[in-house]
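What follows is a single structure, and I will ask about it in a moment.
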Amino acid sequence: MNIKKLGKLVLPYLVWMSVLVGLPLLMMVVLTFLKSNALDLGTAEFSFDSWRILFSDVTVRIALKNSFVNGIIATIICFVIGYPIAYIVANSNFSNKLIILVLTIIPMWSNSLLRNNAIANILSERSIVNDVLSNIGLNFIWPIRGVVYESGFSPAVVIGLVLTYLPFMILPIYTVLEKIDKSLLEASMDLGSNKIKTFFKVTFPLSIKGVTTGIIMVFLPSFSGFAIPKILGSGSLVFIGTLIDSRFMNRNYNFGSLLSLVILLIIFGSMALIFKVDKEGETLI
Amino acid sequence: MSKKLIELRNVTKTYDDITVVDNISLYINENEFITLLGPSGCGKTTTLRMIGGFEKPDSGEIILNGVVVNELPPYERPINTVFQRYALFPHLNVFDNIAFGLKNQKVPKQEIAERVETALKLVSLPNFGARKVANLSGGQQQRIAIARAIVNRPKILLLDEPLAALDLKLRQNMQYELKEMQRKLGITFIYVTHDQEEALTMSDTIVVMRDGLIQQIGTPTGIYNEPRNRFVARFIGESNILEGTYVRQNVVSFMGVEFDCVDIGFADGEKVDVVIRPEDLDLIDPVGAKLVGVVSSSIFKGVHFELCVIVQEKEFVIHTYENKNVGQAVGLRVDSYEIHLMKVEN
Amino acid sequence: MSTRVLTLSRKIVLFFRKPKVEKTLKVAGAVLKWVFFVFIIFLLYLPIFIIALQSFNNSQLMYDFTTFTFKWYGMIFQERSLSQSIINSLVIAVTATIISTVLGTVFAIGIHSLTKKKRQKMVLLNQVPILNADIVTGISLMLVFKLLMYIFPDIFGFTTMLLAHIFFCLPYVVLSILPKLSELDENLYDAALDLYCKPTTGILKVIIPSISSGIFTGMLMAFTMSIDDFVISYFNTGQGFDNVSIWIYASIGRQMSPAVYAYNTAFSFLMILVLVIISVKGSLKKRKNLLKFKQNKI
């Protein structure tokens, strides 16, 4: 293509992204060292309060623990379910496009909050499913909504996270699996590896970049969300997102920014990882 | 006499500090079939793209019909291109692909239909208009690409390795067809290839390039028989290249023996490179021969045998109709007019 | 002892190598595989079925199915706050999709034209909104918009939500188009210029039609992401400009009007219908072309 001439089309995007990504980052960093009423700089004063609270407050520690425990469990389950599903689709004879659409896009046309609300319904002591099933003599009660173990693990929240974010695990893994040259597998078998060995020595290593993307795309929203814990954890379960939300709503932008930066730190790590394995971003869609 | 149609004057093009085309000058006449020949990375495609207007030279001038056209974009040049992998528009059928340029020039509908059909006939694909481009074979796509360019009646047709993706047989057929087409249409063809055989078969003029520099410009026979340096000699055809000394007029010495020669223009005692084509070496009886060697390998090539003969630890390639056994001693003879001398490059 | 274990394990291996056993295992494996697959799809769709069930429930109680009714479907536009939030959601999604599809196409073409190193950097930057946690994206945008309030005091509401949605939709459009661009013949644009297209016409007449499937995918992604977004919208709204997600979030723990279930079910159903129509049309066109081709060949 006529390279240099079209390259300048990127310029507005670069400006747009710099303003909307770079500027707020700067603002957040500054805000963590202030004590201010929202963004009102007139009454703002220099303060290390936010940093002190971060390292001393018990709520912060509990929220981080809850976020990590539930986020990691949800991510592991998504991987354990998502990889085989992606593998089955990539190797099926059906129209893959249609299956992928059914697995990933269509569920999202149903509001995710409403879907989690429905999950909460099933996992409550009185659920509409049980009510319908009892008419035909069946009984299904699994009232785990609101159950939280000491570790912070909440089965209901994890179920909600898995069912909401599973598509984000399936899609990138499917994308890489589908691109693997089938002759590589034949070559591996030809060179004496059986099916299982071929999978672990060829297929899986080649799909690592999809797996990396999938894990990050599931873990980050699971870790940082606040709506799902609110719906399925019955409000008692505090996540890091819950704290950020409440701080910003209470006009305490300082501590809210600091907590956001904590999440950003994890995100930058993830992005560095993705950039390493997938420079062209082909697994993100 | 033919008229100068396009001229490149001291044209240079640099990408990221690498000079791809280095101060080249050449002119092309009307109705000429000219080939830019060289290995990949020699700057031939970049030169072509500058003529087409897809790249701008960093310095120098491109002159079309006496007017400097450096700044003229491709869509304002009376030049069309057949691209390497054809660049057919995948969303259009054959007819719309060929009609694309005419539509943009607002040619009346009726005329478009006629000209497209004529072009399709010229490339021997009549009635192909409704086909999807993706359903065509490589050879057919290539013909469509040619039709799409010539239907616009350009003054110059640029062809960037158009035959590279075709198999051998098809490629040879297309070589003759292209040459025939050029004669019939009376368009100047500027052809880029790395295939020396293609260049020799089709061209009126060959421009041999290497590392952004022109090595030699000449007719196919001129370049084959009188290569200017080792690179050209090696690149065009096979050759035995030897170090020698120009002893005096009509005498050259190499391999420790003196030979008669006809090339002139060298000083007495000057070091020279000697080129002898494999088919110009004759096998004779070793007794009394100036060069004596042993056959080290023999390969049957269909029409001839390709022998390797070791003479004083130097390997000679010889094309001959009679086979010799490996290990056999042979004598070599070469006619004075088959010995070509070149200046030694630093 | 160890030799006995060895012979036993050999026996087991040999047992599984028997052709009959091997075949049975294979069939069992295939069945198990599809049972698993269908079960996961069932789980993914279970909440959607429950929402549908709730939408047909005559009772307002979430856990009590009394009788079947369509009445909530009629109520969707009766309830002012809900119907307003539905309209807001749709307006934002449609506008954001259109704008980000157009701009995303232009930016993708630009990014594709960059040199490799610059392109990789742009792709990385493009990933920020996709990978970033929604809450951080939402707060970041809110902070910038708060600054803008000094110039435009009334910016929070429709404008901020639209800008925020464009911000996170654009990268999906760009990412779905980029691979299509790299599949194109690198000389395609040059060919258009060569055949007398001006630069803009060249892009419109040649590049855009050649990458239309990528543009469509990007559009679909953008619309999907926009319609389902909660967190980013939540932080970037104001003056009572609620979308459906915000409306639902505000109703959690309270008695929610079942009309929202009806809306959600109807919306999903309509979207699927549109998708089916598009794909049927596409396959019909394909079949027609194939037929044409076959006829031509004869």
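By letter and in written order, the chains are A, B and C; residue numbering begins at 1 in each of them.
Quick note on the criterion: contacts are C-beta pairs under 8 Å (C-beta built on N, C-alpha and C of every residue); 3 or more make two chains touch, one makes a residue touch a chain.
Since the model is a prediction, treat every value here as computed from it, not as a measurement.
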Lowest number of touching-chain links that must be crossed from chain A to chain B
2
By C-beta contact count, A-C versus B-C, the higher one is A-C
Of the chains shown, whose Cα centre falls closest to the middle of all protein Cα atoms?
C
Averaging each chain's C-alpha atoms to get its centre, pick out the one most distant from chain A.
B
Which integer distance in Å separates the CA centroid of chain A from that of chain B?
58
Geometric centre distance via CA averages, chain C-chain B, whole Å
53
Taking the mean of the C-alpha atoms as each chain's centre, how many Å separate chain A from chain C?
15
Where in chain A do residues touch two or more of the other chains?
2
Overlap residues in chain C, where contacts from two or more other chains coincide:
186-188, 190, 193, 199
In chain B, which residues are in touch with two or more of the other chains?
54
Chain A residues touching chain C in their complex are 1-14, 16-17, 19-21, 23-25, 27-28, 38-39, 81, 84-85, 88, 98, 101-103, 105-119, 121-122, 124, 126-132, 163, 166-167, 216-217, 220-221, 223-227, 230-231, 235, 241, 244-245, 248, 253, 256-257, 260, 263-264, 267, 270-271, 274-275, 279-282, 284-285
Please name which positions on chain C make contact with chain B in the complex.
184-188, 190-199, 201, 206, 209-210, 212, 289, 292-293, 296
Which chain B residues qualify as touching chain C in the complex?
49, 52-54, 73-75, 79-81, 83-92, 100-101, 104-105, 130-132, 135, 148-149, 152
Interface residues, chain C side, partner chain A - complex
33, 36-37, 40-41, 43-48, 50-51, 53-54, 57, 62-65, 103, 106-107, 109-115, 118-120, 122-136, 139-144, 146-147, 167, 170, 172, 175-176, 178-179, 186-190, 193, 199, 217, 220-221, 224-225, 227-228, 230-231, 235, 244-245, 248-249, 252-253, 256, 260-261, 264-265, 267-268, 271-272, 275, 279
